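Shared chain: subunit A. Partners: subunit B in the first complex, subunit C in the second.
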Partner chain A sequence: MKKVYINSIACISAQKTFDNSEFLDEVIIHEDQVVYAVEPVYKDFIPPAAARRMAKGIKMGVAASKMAIKEANLKNVDAIITGTGMGCLRDSEKFLSGIIDNNEQFLTPTSFIQSTHNTVGGQIALELQCKGYNFTYVHGSNSFESALLDAKLQIELDEAQNILIGGVDELGEHTTKLHKLIHHIKEEKVTTNTLLESKSSGSMFSEGASFFVLANKKQESTYAEVVSVKIYNTLSQNEVSELVLSFLKENDLDIEDIDAVVLGNNGDFKFDGFYNELTSTIFNNTQQICYKHLFGEFNTVSPMGIWVALKILKTQTLPEILKLNKKETSSYKYILLYNQYRGENHSFTLLKTC
Partner chain B sequence: MSKGIAITGMGIISAIGNNVAENFQSLVEAKKGISRISKIDTIHKDEIMVGEIAYTNSELEQLLDLSPDNNYSRTGLLGVLAAKEAVANAGIKDINTYKTGLVSATSVGGMDMTEQYYYEYLESDRNYKYIEGHHAGDSSQKIAEQLGINKSLVTTISTACSSAANAIMLGARLIKSGQLDRVIVGGSDCMSKFTINGFKTLMILSDTYNTPFDENRKGLNLGEAAAYLVLESDAVVKAENKNVLAYIKGYGNANDAFHQTASSDHGDGATLAMEKALQVAGYSAKDIDYINAHGTATGNNDLSEGRAIIRVFGENVPEFSSTKAYTGHTLAAAGAIEAVYSILALQNNVIYPNLNFKTQMKEFSITPQLKLKEKTLQTVMSNSFGFGGNCSTVIFSKEQ
Partner chain C sequence: MEALKQELKENIIEQLNLEDMTVEDIADDDMLFGDGLALDSIDALELIVMLDKNYGIKLTDPKEGRAIFESINTMAAYITEHRSK
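Now for the complex of A and B:
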């Protein structure tokens, strides 16, 4: 089986992450329960006339995909695989409110077209003129991991050499209101510095796009090797540690081999217990890392955890703001990531320096 | 040549039947399920025709024995019903005996409920339960739960109208690579005001019965449906002495990279998808005995697909027909619906008529199969194309 490498990264998030020469050099301390992406100058990536017609999710996705392809030093890829929890949500909201407000009259097709979940993947194909395999996964917090798993399979089985994968979601005003109503978004204001310790339900919501080129060959730009990725629809809290142990065993690793664990804590006291289960037991002595206090929570935020892990592996540095505990780890070889959302759609991703 | 992946069970609910047997009966009796819309109150009701499923949501809830506080969208309800039939058909008693996953497709997801309560949510908490059922992955999680699939690989694909074909494709690859021993694959989409109005603005809805591959075609009829297949590894088939219904022999996905909603004039993406599928199967064009075409009856699709078929098959185009005149276009479910029809064609050695056809298209000379035809079939090719330039082909075969 071929090994799978990540040869480039691109991230547009609620932090200034689109410049790959930096690694959270300046951190934005959020002070709200809904935080928006810091966007790059799009005209560097998309002609302004085209950008004006694009939804935010499409713009973020197309720009991030072009950054990733450039860093991998490619002109094109064999396949494009995208993950999105909600697709271009603002257009879905716009089209639906149009239907209701005007009793199904005076509608135009643009927002309907953009509301289709695979719009970002299709637009990237159009921009790159990439006629290869093009899939979009829409499975909650495992949307991106499904794309990662699919790409990894194709490279391992030698069906493709370079694959662009990404996760993208945008905030929509009405949906944000609804998620506040059901307390998936915190009722009270919360900050980057307090989110992880908050004792209430819900999280800080955000948006963004993360794209990567996966390849079968190492090159100068390579960040890491994807050793393994597993997804689970359900898990109970008391099964998590046991599962991690068997996951490590399958990869011939012990707990001590893991230099850092990147966790999806999002400050929701009802569900962070899944992570505490690991940090208080088997990873008690391991460097623990969190990132959602910087990036917020949304269906495709987990690739931002991967972005963090890849930056650590490549630079061998760990910004203080990401540390959940204080360990004196000097070198990073293996990083394990664990994510879930509201107790469902769990993922484990294992990365290794190369 | 790669070995085919065994299909050991199937289930379906569509406008022409509530299970596999009813669907097959309608297909051979040329009984279409297209009518005026009855379950959604839309101002377009006199200008469109649809393929609706007779059951109401509460009838479906009763059939599935759901508690009154459930938050199933109609997509979820239809999906569970079809997936349960597939699992029963495969003779599975305990789903966890083998490593079993689910790959489901949908485009509508929980939009049917969201569009009913969109503003009401702001006024009253009565229907809050549906808020978290909106996203596309929700119906898949519910189907997995109802089938007893826990702690396993469950995911959802949404690539518009090729979604379920892509779910079948991923499922086949998950078995081939040894990630899973067994996987339930398919798709579900219910009717919604959102999709009716969306297709209406694109001006591709017919005001009468849809007529695939007809010169005077006026557009598509929307349909709602769900269908699922059970795929199993050779090891499971052998250990359980399973009856294999057919094999997934080839598959291919390509992107037209032409336009967000229209297909290229000469069907570049469609041609690539068919060629890839033939290549994976180790077949050449002459090995295909019947094509179940995408054939939505829009001006653009049927011309582009017809030309692509000619590009792939040249002078020797096998019998082809679209079954959209029976069911309407069932969007993300279509690839699974037509997979079930393809397998039934192989099992019964029949080719279904392309209903409602009157006038030959002038751009080419190929004509769909117009009468039910008995023919020994070894292979069937099924096409599904979607927005975003997404083109998919799956090839089913009798022999592995």
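Now for the complex of A and C:
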């Protein structure tokens, strides 16, 4: 089977990550329960005539995809695979509100056309004129990992050489209100510096887009090799350590081989126990890394954990703000990522420097 | 009539997300489709819904739209003559 490399990365998030020459050199300290993405100048990536109908999520997705394609030094790709938890939320809200407000009359086409979950993948294909495989996975916090797994299998089986994959979600005003009502968003204001020590339920919500080019060949821009990906719908807390060990064993690795573990702690005291289960036991002596205090929580924030891991592997540096424990690691070869949201949709992703 | 033209320009900019445009950028006789504002078929659907919602005008013959939506002048004239609200 072919090896799978990540040859480029692009990330638009609640931090200024769209400038890929930096690695969190300047951190934005958020002080709110809902934090918005820091956007690039879209005119640099999308023609104004096309951009005028695009909501924020589509713009973020198209811009990030173009950044990733450029870094990989490609003009086109064999396939585009997107993951999104909630799809194009703003246009969905606009269209549905229109139905209610106008008593099911006067429905306009634009917001409906742009509201589907696969709009981002479609718009990227239109921009690239890519007529290859185009698929969008919608599976909560495993949406991106499903896309990653699909791309990995296609490259391993030599069905494609270069695949663009990404995760994108945007904040919608009405949906945010609903998440507050059901306490998935914290009731009290939180800050980047205090989120992970929070003792309340819910998290800090956010949005963003992350895109990567996966390929079967290494090149100068290559960040890492995707060694393995595994996803689970449901797990109990006491199963996690055992499953991590068996995941590592499947890849002929032991705990000691893992140089850092990137965890999805989001400050929700009800569910961070899944991560604490690992940090207090098998990964007690491993470099522990968190990122959601910088990027917030949403269904496709996990690729931002991958973005963090890839930057570490490539630069062999780890910004202080990402460290969860005091362990000092001088070189990084293997990084394991573990993510879940509200106890569901768990994923293990193993990356290796190359 | 002048107030209606101003209102139409404001609504077109808002409804069609013409983000970089202001009312001053649209002349009364500018072509809305083709060489002028370069609107497209999706915009035409938005304009048809706007006529119905804001002025109570239902366009049943698509061929009519070509002449009505030629410019702000032609739209304002048609609305003045046919509006029911």
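A few comments on the model shown:
Heads up, the rule we're going with is that the second predicted complex is superposed on the first by the 354 of 354 C-alpha atoms of A that agree within 3 Å, B and C clash if a C-alpha of one lies under 4 Å from a C-alpha of the other, contacts with A are read in each partner's own complex, and residues count from 1 in each chain.
Going forward, contacts are C-beta pairs under 8 Å (C-beta built on N, C-alpha and C of every residue); 3 or more make two chains touch, one makes a residue touch a chain.
Bear in mind the structure is a predicted one, so any value in this text is a computation, not a measurement.
Of the two partner chains placed by the overlay, neither subunit B nor subunit C lies in contact with A:H30. Look at A:P109: by the touch rule set out above, it reaches both subunit B and subunit C. Contacts of A:R90 after superposition: neither subunit B nor subunit C is touched. Once the two complexes are laid over each other on the shared chain, residue contacts for A:K66 go to neither subunit B nor subunit C. In the superposed model, A:R52 lies in contact with subunit C only, and not with subunit B.
Once the two complexes are laid over each other on the shared chain, residue contacts for A:T119 go to subunit B alone; subunit C is not touched. More residues of subunit A lie in touch with B than with the remaining chain of the pair subunit B and subunit C. By the touch criterion defined above, A:H293 reaches neither subunit B nor subunit C. Overlaid on A, the two complexes show subunit B and subunit C touching the same residues of subunit A, namely 105, 107-109, 113. Every residue of subunit A that touches subunit C in the complex is listed here, in rising order: 48-49, 51-53, 102, 105-110, 113.
By the touch criterion given at the top, residues 15-20, 38, 42, 45-46, 49, 52-53 of subunit C touch subunit A in their complex.
Residues 42-44, 102, 106-107, 109, 111, 114-115, 118-119, 121-122, 125, 128, 131-132, 134-138, 140-141, 144-145, 149-160, 166, 170, 173-174, 176-177, 179, 193-194, 197-198, 200-202, 253-261, 268-269, 272, 386-390 of subunit B are the ones that touch subunit A when the two sit in their complex.
The touching residues of subunit A, counted against subunit B in their complex, run 80, 85-87, 92, 95-97, 99-100, 103-105, 107-109, 112-113, 115-119, 121-123, 125-126, 128-140, 142-143, 146, 149-150, 153, 156-157, 174-175, 177-179, 181-182, 184, 230-235, 239, 299, 344-345.
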